[in-house]
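Heads up, the next two complexes both have chain A, just with different partners, chain B and then chain C.
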Partner chain A sequence: MTEPVLSVRDLVVRLSTGRGVVHAVNGVSLDVEPGGALGLVGESGSGKSVMSLAILRLLPRGGRIASGQVWFGGRDLTGLSPAEMRTVRGREIAMILQDPQSSLNPVLPVGEQIEEAIHAHERVTRRAARARAVELLGAVGIARPEEQLGRFPHQFSGGMRQRVMIAIALALRPRLLIADEPTTALDVTVQAQVLELLKELTDEVGAAVVLISHDLGIMARMTQRIAVMYAGLVVESAPTRELFARPRHPYTVGLLRSIPRIAGARGALVPIDGSPPDLERLPEGCPFAPRCAWRIDACWSANPALAVDAPEHLVACHNPAEPAETAVGRPIRPGFAPSPPPARREGVA
Partner chain B sequence: MRERLLDVEDLRVHFPVTRGVVLRRTTGVVRAVDGVTLDVREGETLGLVGESGSGKTTLGRAIVGLVPPTAGSIRLRGVEVSVLRGRRARRARSELQMVFQDPFASLDPRWPIARSVEEPLRLHRAGGRRERRDRVLDLLEVVGLSRRMADRYPHELSGGQRQRVGLARALALRPALVVADEAVSALDVSIQAQILNLLQRLQGELGLAYLFIAHDLAVVHQISDRVAVMYLGRIVELAPAVDLYREPMHPYTISLLSANPVPDPLVEAARERIVLPGEPPSAAAPPPGCRFHTRCWLRERLGDPEICRTREPALRETGPGRSVACHFADEAAASPVARRAVDLAGGRT
Partner chain C sequence: MIAEAVRDGAPPHRWRHAVREVGRFLRASWLNALGAGIVGLVVLLAAFGRALAPHDPNHLDLLAALKPPSAAHWFGTDNLGRDLFSRVLAGARISVEVAVIILGLSVVFGTLLGIVAGLVGGLVEELIMRVTDLFLAFPAFILAAAIAATLGPSLNHTVLALAVVFWPWYTRLARGQVLSLREREFVLAARVAGAGTTWIVFRHLVRNVLPVVIVQVSLDVGYAMLATSALSFLGLGAQPPTPEWGAIITDGRSFIQTAWWWPTFPGIALAVTVLGFNLLGDGLRDWIDPRLRGSLGGVQE
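Here is the complex of A and B:
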């Protein structure tokens, strides 16, 4: 087996706010294969974005890696000095965010920003950097690149700005690209262009990808493997086709049953009850238990560990869904009822 | 056939583009809505799909009276509403309500939610204080919130709960039509499914009609009886939802279907996509002839017919309840590209 490009082990991230401590990432382990694309799916507050910031050591003020390791190129990134980390960022790991507007400098022409990225990591002449910038803009599908070098970010549309970001991200042929909701702000026809471009260029450069998105359609298109996150934990992880064909975690089943589809007869959606947990006050047991139709007594007291369910398929659940149940989105077992919350059972408030 | 509730005829909403602060002068006109004709019947959902800049939001705002039309007419049960003043205008307005994408921005953060829901009742002097309070509590229950939440503030609620509050407020005056502008776009998928189901339940219970504006084709498919597709200020296709997704006739509709990511990895692997070149042109300078011709994939295949560049196609009827604005709609509908897009969107590989 090949060595993973990125190996995250038991990562725990805490964010201190004025009011309390947010348990944003609560022990995540995952691997990214060379040249592969790993999708991180989850809803807001699932920890998927915080985790990617932690990998790059770009956590906001008040955020810290409490424990765990991030193995990349034989080193644990959590132990690097800020200067060492700067050479990793951009050069070996690049990042694309949802809103390119906030990652581009509004008062600097885009050409200079691309050249700056090249100069920051490579000793090349100005002329060579400029030639590379032109080549990169052309590669991301921007017409007449020489003329565009002097233009400012606001003179580009959202789709064009995202193309510029991709050009900057791939300028140094990184081994890993982290893309956090890269097309969420774009229209569907422009999204299709940008996704196509991302796929093409990362293949060409040979970069592995961590793609963060809430859109399961994009995940189906772009990834080979998916990790589903909930409340700062990976609750299920499997090859993309396997995950869609045989989801095991009730949360994954819920997500798949919540999305409207054009295919087939139009049936009622089966939403997941309730809302995500408060990350400042995580429950003792499984964080999904209060919303779960499959919960059993154990779910209220013990948080299940991520364990092998089938080859390549990991799930963290005491009572996973059976294949027949995933189609209807609820348990179909004679006499089964979700376990009531312990407070109600014991009569304590 | 159901009674016609709303008739929009040749509606135009143009915004002047101005330059200068002291010497303000008009330098151009953005034709956000540029000749739209459509109707909404009692109790039905008309979906309105389009990308940014298509004018779908402006159209919705003009219908509820938030922006004045430049020309054309908006009739509610046969009565022209855009010219009404005083009490009669308020009466008409109360029947046309709007729900916004970001409920947080549309609720006053300093008010408990009960007050936000009550506000339209106060403005329309509906009942005494006691009656209004009772009505507010009833409304909260109708949208699936507990009465105990009445005195909470918006920041104490989740996104889904806030969207329910926005809906309760829109329902306060017993409207006949609710314009929902990207009302579920900002929500996580599990919550989005809850709100879509709620909208459908309320429609059944209260006989509401919706103008459901969204960019997500699958979401629109889930909820709509008929669908209108907008591009650069005009409707390019309007059809019963079943027909539009089974047999799209406008090249733009076909490319939207083709670009839409399908949550099925097998479909995505089998797919060749029509990737439209470029981005929608500016509504300040729409292309001559057919507005879509600059990005149209069909035009090239037909050998670049001159008519596409010179004459704007009218929205013409092609079948019962269906109309399309394309000189070559039959060719588009019959093309293998269209068949493929439909098969894939429908999950047939």
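Here is the complex of A and C:
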């Protein structure tokens, strides 16, 4: 197996807020293969975005990496000086943010913002940078790029702005691109085009991709491997096909059942009951236990570790779902009932 | 042509765009046009007034003392026979210069401090903002008068005193802007692209704070001129024989019954100039407000 481009080991991130400490990421390990695409799925607040910011060491005020390592190019990014970190950002690891509306500076012409990304890392003449900007805008499918350079972001549509962001991100041919919900703010028709472009260009540049999304449809198209996150933990990680065909973690099963399907639309969408845990007070056991139909007694007391379930397939679950059960979305073993919460048991006794 | 413009580093539509915008601003309201017209005239007179003046503003001609307005002396003469029209023209230059220096000092100092406060936060911000509070808590004009009086009456001291009064407003303004800009994604995007703090301040924050500061400046120019003249009127600013409007008015004040033209014309000049700058400032503020929302926040589309 080749050496991964990015290797996150036991990453723990804490965010101090005015009210308390949020346990945003609680020991995540991930590998991204060179040129590969890893998807991170999970609902809002599962730690996807915080983790990507932690990799770039751009956590918001009050956020810090409490422990763990981020290996990239033979170095642990958590130990780099701020100046060294700046040379990594943009040049070796680029990132596309969610909202192209606000990721561009409204008062600077688009061309200057692309050139700026080049100037930040390379000693080139203004003319050379401008030529590169024209080339890049052309590459992301913006017509008549020379004329567009002097225009301001508000003169562009959302899709065009995200294309510009992609141009900026790939300007320096980074080895890794983190795309945090790159198409959430776009129209559905534009989404497909932008994703196609992203895929094409990252292949061309040879950049590995970490794609963050809660849209499993996008994941199926774009990634080779998916890590499912819940409450700041990876609960399941498998090759994309395998994950869709044979989900093991009850949370993944729930996620897959909550996607609308056009073909074979039978019945209503199935939501996952309950809401994610309070990240300021994580439970002692599995954080998904209160919402889980498969839970057993052990789930209330011990948080399961991520363990190999099949080749390349990791699951963190005491009682994973069987293939027959994933179709119905609940356990169908004879005589099985979800373990009641410990508090209620004490109440009865 | 496009290729040429690109090579020169100036995209072709920026200038055309700017000219079109100015045209639209002037046509938006007749008050905008009036304000801009007055300001334009005052600036031109400040630049070329000395050449246009029929007499030396400080030339004494006791035989022509206290003459009412006539073809030879459009605004009449004062008790020393100086031509008031020439003096008012010379005063335009002083007022404009004074306003430029006062606001130049306050804007550079105040805005940078405000940006630092907003960006760095913590103890630094606390310190800077409490100092500005201290200055703002004082009635501005009294403070300026006190400073000018302490330093001794002179135009330079007045300028300094007024700069001390004006800077905290810019600190507040800039800090407020930075606090909201800081959370905007393009700052994060710049960091993601590997930009350092200095780069972000000068490239992104200053450029975004600038439009708001410019509007504030256009509103403050009138006040700065008025305050300078007021301090001169009180005898704390320009000293004779400087043809500062406030100073001319205060000299002419006691002659108002015998020579009404003496304090009247510089008074009108001052009032019209301040009115012009205020109209322009108000117009700019209204003009830029909804547009700021459009280009910065996306409501426009």
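One rule holds for everything that comes next: the second predicted complex is superposed on the first by the 346 of 349 C-alpha atoms of A that agree within 3 Å, B and C clash if a C-alpha of one lies under 4 Å from a C-alpha of the other, contacts with A are read in each partner's own complex, and residues count from 1 in each chain.
Operating definition for what follows: a residue touches a chain if its C-beta (ideal position, glycine included) is under 8 Å from a C-beta of that chain, and two chains touch if they have at least 3 such contacts.
Everything numeric here is computed off the predicted structure, so don't read it as measured data.
Q: Do chain B and chain C fit side by side on chain A after the overlay, or clash?
A: Result for chain B and chain C: fit.
Q: Which partner does A:P342 reach: the first (chain B), the second (chain C), both, or neither?
A: The answer is neither, since A:P342 touches no partner chain.
Q: Determine how wide the angle is at the CA centre of chain A between the CA centres of chain C and chain B, giving a multiple of 10 degrees.
A: 80
Q: Looking at A:I218 after the superposition, I want to know if it touches chain B, chain C, both of them or none. Which is it: first, second, both, neither?
A: It touches chain B, and chain C stays clear.
Q: Look at A:V190 in the shared chain and tell me whether it touches chain B only, chain C only, both, or neither; answer first, second, both or neither.
A: In the superposed model, A:V190 contacts chain B only, not chain C.
Q: Under the stated touch criterion, which partner chain does A:R126 make contact with: chain B (first), chain C (second), both, or neither?
A: Only chain C; A:R126 stays clear of chain B.
Q: In the superposition described above, what is the shortest C-alpha distance between chain B and chain C in Å? Please give a whole number.
A: Shortest inter-chain C-alpha distance (chain B to chain C): 5 Å.
Q: Quick check: in the complex, which residue numbers of chain A touch chain C?
A: Chain A residues touching chain C: 56, 58, 61, 86-91, 94-95, 97-99, 101-109, 111, 116-117, 120-121, 126-127, 130, 134, 146-147, 149-154, 165, 168.
Q: Residues of chain B touching chain A in their complex?
A: These residues of chain B touch chain A: 51-52, 158-161, 188-194, 196-197, 200, 215-219, 221-222, 245, 255-268, 273, 275-276, 279-280, 295, 345-348.
Q: Write out the stretch or stretches of chain A touching chain B in their complex.
A: Going by the criterion above, the answer is residues 43-44, 157, 159-160, 187-193, 195-196, 214-221, 240-241, 244, 254-264, 266, 268-272, 275-276.
Q: Any idea which chain C residues touch chain A in the complex?
A: So the residues of chain C in touch with chain A come to 2-3, 6-7, 9-14, 121, 184-186, 188-196, 199, 203-204, 207-208, 210-211, 294-296, 298, 300-301.
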